[in-house]
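Have a look at this one before I ask anything.
Going by the order they are written in, the chains are A, B, C and D; count residues from 1 in each one.
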Amino acid sequence: MPLLEAKGLTRRFGGLIAVNDFNIELGEREMVALIGPNGAGKTTVFNLVSGFYQPSEGAITINGRDTRGMRPHQVTSLGVARTFQGIRLWGEMTVLDNIRVSQHYRAGYSLLDCFLRTKKYMIREKEIERVAWELLEAMELKEYALELPRNLSYGLQRRVEIARAMSLKPSLLLLDEPAAGLNSADVEGLIKLVRWIHDTFPVTIWMIEHQMKVVMSLCTRIKVVDFGATIADGTPEEIQNNPAVIKAYLGDDTI
Amino acid sequence: MQKHTFTISLFAGIFLLTVLAQFGVINQYLVSVIMLMGVNIILSTSLNLVNGYMGEFSCGHGGFMCVGAYVSSVVTVLCFSKNHILGAPLLPPSLALLAFPLALAAGAAVAAVAGLVVAIPSFKTRGDYLAIITLAANYIVISAIDNMEIIGGPRGFMGMNATVNGMEGLLDIPWMLLWVLSGTVFTVWLLRRFVSSTLGKGVPAIAQDEIAAEIMSVDTNRMKLIAFMLSSGLAGLAGGLFAHILGYVNPHSFDIMKSTEVMVMVYLGGMGSLSGATLSAILFTVLLEVLRPLEIWKWVVIPLLLILLMQFRPEGIMGNKELSDLFPKLKKYYSFK
Amino acid sequence: MAGTSGSPPALFFFKRTTTLWPSPNRPTGHCPKGRAVQPARQGPIAQPQGKVSPVEFFQHILNALQFGSFYALIALGYTLVYGVLRLINFAHGDIFMVGAYIAYFVAVLLLGGEGMHGLGLSPALTLAITVPVTMILTSLVGVTLERTMYRPLRRKGADRLYVVITALMAGLMLENGNLALLGASRKSFPELMEKVVWTFGGVSVTNLKVVVIVAAIVVFVLLEFIVTKTKIGMAMRGISYDKFAIPLMGIPLDTIIVVTFILGSSMAGLAGILYAMSYPILEPYMGALIGWKAFIAAVVGGIGDIRGAIVGGFLLGFIEIGVVAVFPSTLRDLFAFSVLLGILWLKPTGLFGVAQTTKI
Amino acid sequence: MKRMTIKVLLVVLAMALGAFALMGCGQDSNVIKIGFNLELTGDIPKVGEASKFAAEMLKEDINSKGGLEVGGKKYKLEFVYQDNEAKADSAVNAALKLITQDSVVAIVGPNSSKQAIPAGGVCNDNQTPMVSPWSTNPDTTKDRPWVFRAAFLDPFQGPVAANFAAKQFGAKTAAVLFDIANDYSKGLAEIFKTEWEKKAGAGTVVAFESHGTKDQDFSAQLTKIVAAKPDFIFVPDNYNQVALIIKQAHDLGYKGPFMGSDAWGSAELMTLCGKDCIGQFFSTHYAAAGAQGATKEFIDRYNTKYKYVPDDVAALTWDATRLVLQAIQEAGKVEKDIKAERKLVRDALANIKEFAGITGTMKFHGTGDPDKCAVVVQISPEGKFEFKESVCPQ
């Protein structure tokens, strides 16, 4: 059974069709890219998968669970984590707290536990704390644990956002243009990071990315969309020599 | 041991105050000011959960206070004093000590339920539209009570003293002071524990980026529900205490003016700071009393002071920091975990 | 109040208004329910008028139009400032009060009476002078608040709610400062307009009522024009979309803001005069309640939108008066605010407000 | 830096608390202190102001004569005024401050029942005599031996208005417009209603409408009332609203008479209401126009001092304060110990069976509530309140 399965996914905004009959199947530990010109509807696909939008038509199943009608936090608790095109960290909370709060659904104790500081509460909180520190440690963010995100560099903020997503222990990680606005050095770091994540954790990574460098060096499979419709699907090599793609896409990109 | 210094000194303080009041070292007036101070602390800290931590703009806190005040008063009056409509007392005064906290709890509970009126719309709407809903809720509560003859309508409602006397009949100490102080400590303790937990940290997450919160697995609706109901419930508690301090309630003691005062305390203290809310509540109460001699000018001077303060500290006294953040030394004197 | 049918012109007038404003039909529609509620609330005596007679109905509509106009005029001030600054200017209700007092002093100065022997001008002339002078002076008050209190806070990048609280405090200061300076005795506003009562088959209209309603509509048209057609208006709308881009476009932010405050406060001033003429008793707290209610009206209409303010204002007027007309008036606030709350439950961003779609 | 500011703020706060704890002043053996718990700010500042003016006038009188003579010794009077902001909680604090900090012998006020009821409770618990000049709610003095009042109660005034209106207008039906948020107004309205329907039969109160305290537009209520075609309208409301109500009623084409209550009795009524009020009637404590003796003297002096004719609150405060002073004198001696002194005064107050006030003679029967005659006045074309008839309790 595929991890993620999207069938005939369609989303309309009024007259505009943002996503049109989009299909995809993602298996365990895949690393797939979704590319396409600006406004092709890539982010909309992610929004549909992460439950932020409801599909106009079609269905999404994650681990065999139909996510239609679920609210985003429910979808997330099925093991879908994502980052955002524009960074959306909680600016007034320390990096550590950012990573603690994102484990909210795993808190798993009641309000009463929280008031009475029951054993259960203590165990859970310790667990959350531990996971947070481990992640920070692993992702070389430890020394920033008590900083406010808005005081960090852009690259670091990206890193924190990915860490926050990973703290959800996802089986599917959606990265929405992780390399956007990074300098070449940071991009190198990012590539390393993503690969490391993919090697260390049992997670499928699906990314939207414009920088072919990143896509080509990471992904085993690429899906190309334009005007909401899929125009190509295959290995990097196939995509690179796919006339449709070249026509629609490579024209306005820099490799 | 040192970790508990704070807690111990807190309870020692309460004990000391009660003793002082008992032997009239601090007079009735100061006692009543301290009690109202406590009520104000409860109000400002509880509203701070919504207006500070959650970044909403609720300006109807007085309404929930009103609900709590009336419910708990009706309960105690039903139980312990003969009322021309509600009839003879149901319980002997000796039970007052047991029944009083229950009455307070009842008031708080009903107020919390009333909080739903605001909480449910808050799923869909935010900011100023929600502000209006709270405002309307406040008006509705007051107008509703105005129309309830059975609890006196605009004439107000009294007879709560019987309960206080009942408690003093058992043991003659300033019970209300004790209740208010413990209520205050309880509130701050409760809120402190809530906002310091991972669960509670979902609330500021909503304030700072609701979408990120929702997608990062925070059940925003549940958090909003908790925040609003907790806040209004505690306001109800404050109302219950207030009613039994005065021994008389009048719906128009809880109008927009009251809500405004509470809001002022919250923003004066700083959004998202419990110690700030506490400090500002104390400061505000003291200000109200110290400036009495100014008579009419008092209500010109107080706003002026507040405006100036905001000009100099646009984030309120404490900003969103706690005392312990600013004086880390304090940390080793208490443990809230 | 004998006679039931209005004379043709009156009826024509009223017909148009009713088609314009369907809202009053709602309460009358609920009429039977109202009767059902009444005995429970009202004790044994039943209201004699089983249903609202047509004459009474038109009278109510007229009253609603008049009071709605005041709500609308004040709501406009809220909405203008809000539209530009996202700031709820809670001092606005008290600026309105100050406007009324300014009008009073100007009028008395020109007219004489009230203990001081003024220039002894004719009422008509006095009115002609009072209106502009009051509007100018009131807008000065508004601008002063903006310059001395709001702007410094904005400069410091304070949270928007701190500015709101400052506004609240400023309002309190205006109220109580007035009380402390002028004493507790209320002021009686001189009659600047010979009151005429027209009666169309039992429906009474004073010329003042008509003036008020007309004024509200004229102001609305004027503002709508300014905001949609003029350069400055476009800039105002621009700011409400993006506060940071506008200065980059070379539009002076502060000028726009000041102009906004001038517009809003002068509206409050105008409302103050008309209010003082219709309810000629001035007291320091007169602005508080109507201020809150006008704010509610503005939000229900969809704050930041001028049509919203107008519709919200009249709607509130109609709801309040409709409730009184149909139910026992003791329930006015209860029902009126419940209706508003219901509207916001159904349309969370007000009647004209647009939901902000967040893009991620 | 930030930490510094906070430290400073904390220090200031601490100092404020300290200063505040040390407040309250020393005793002076030959001064008698009387406290006033008044609505100087808030909804009804005019009421507080009038009370204060009257009290000041009385104080100057007595102190100019060397003070109040008790047991052959003259004591200077000291009046302490506390603003209760027209709030219940503030009134309680004000009362407690007067009792404990300023250690006054007795307290005059609060005026409005919303403040007077809780304040009365506090005074009773702390065994300090309190006299409310204006509060008409029975609860204020109920079961409170230490609390007295100078005004008559609603249950007496209601019938007065009803009977008079029936006689004067030959009215069969009545309409009532009252202030729902004002317990005085609401109470009186209800008593009037029951009284009227007792006389003229059920359903003869053809309209029973209410409004809010700060409302200024009554057109909707009045439209209903006018449509109900009552023989007269009873308006137990504060004078400022009365002025608007009558004007608006006339705008709506109502020609009939109005009947009012003692809350009309303010000098401001005529300046606010003008010609619309002429010819209307209301029941009150005393008629300013055509008053004789002490009453006239008081009115004239007040008028010259403060430039307006005193309203009933002023007159009642004058009486309430004099009631306290008389009690102090009849006590015959002044105890050093404040508690004992209060006891003396309270007993003396309770012993006063009859008191000749400028608002008429008051008879007390140990309830703390006076029996006194109400007068009905008509507003003359010159805007004077002219004595029409006097109604005394049987």
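FYI, a residue touches a chain if its C-beta (ideal position, glycine included) is under 8 Å from a C-beta of that chain, and two chains touch if they have at least 3 such contacts.
No experiment lies behind these values; they were computed from the predicted model shown.
Asks: In terms of CA centroid distance, which chain is the most far removed from subunit A?
Replies: D
Asks: Need the central chain here, defined by C-alpha centroid distance to the all-chain C-alpha centroid.
Replies: B
Asks: Centroid of subunit A to centroid of subunit D, CA atoms only: how many Å?
Replies: 72
Asks: Any idea how many Å lie between the Cα centroids of subunit B and subunit D?
Replies: The computed centroid separation for subunit B versus subunit D comes out at 33 Å.
Asks: Between subunit A and subunit B, what distance separates the C-alpha centroids? Give it in angstrom.
Replies: 43
Asks: Counting in whole Å, what is the centre-to-centre distance of subunit C and subunit D, each centre being its mean C-alpha position?
Replies: 34
Asks: Pull out every residue in subunit B that's touching 2 or more other chains.
Replies: Where subunit B meets two or more other chains at a single residue, that happens at 146-147, 211, 296, 299.
Asks: For subunit C, give me the residues that contact two or more of the other chains.
Replies: 176, 179, 330, 332-333, 360
Asks: Do you know which subunit A residues sit against two or more other chains?
Replies: If we look for residues of subunit A contacting two or more partner chains, we find 52, 84, 88.
Asks: For the complex, which residues does subunit B have touching subunit A?
Replies: Touch list, subunit B to subunit A: 190, 193-194, 197-202, 204-205, 207-209, 211-221, 226, 272, 320, 337.
Asks: Give every residue of subunit C touching subunit D within the complex, in rising order.
Replies: Against subunit D, the touching part of subunit C is residues 1, 42, 44-49, 53, 55-56, 59-60, 63-64, 66-67, 176, 179, 183-186, 188, 195, 197, 199, 202, 204, 206, 275, 279-281, 283-286, 288-290, 320-321, 324-325, 328-330, 332-333.
Asks: Please output the residues of subunit D touching subunit B within their complex, sorted ascending.
Replies: 2-3, 5-6, 9-10, 13, 16-17, 19-21, 23-24, 40-41, 45, 81-83, 85, 87-90, 92-94, 96-97, 99-101, 113-114, 117-118, 121, 125-126, 137, 139, 180-183, 186-187, 213
Asks: Any idea which subunit B residues touch subunit D in the complex?
Replies: Residues 26-30, 32-33, 36, 146-147, 153-156, 158, 161, 242, 245-250, 252-253, 257, 279, 282-283, 286-290, 292, 295-296, 298-299, 312-313, 317-319, 326-327 of subunit B touch subunit D in their complex.
Asks: Quick one: in the complex, what on subunit A touches subunit B?
Replies: 50-52, 71-73, 76-77, 81-82, 84, 88-93, 97, 100-107, 109, 111, 114-115, 117, 121, 124-125, 128, 164-165, 168
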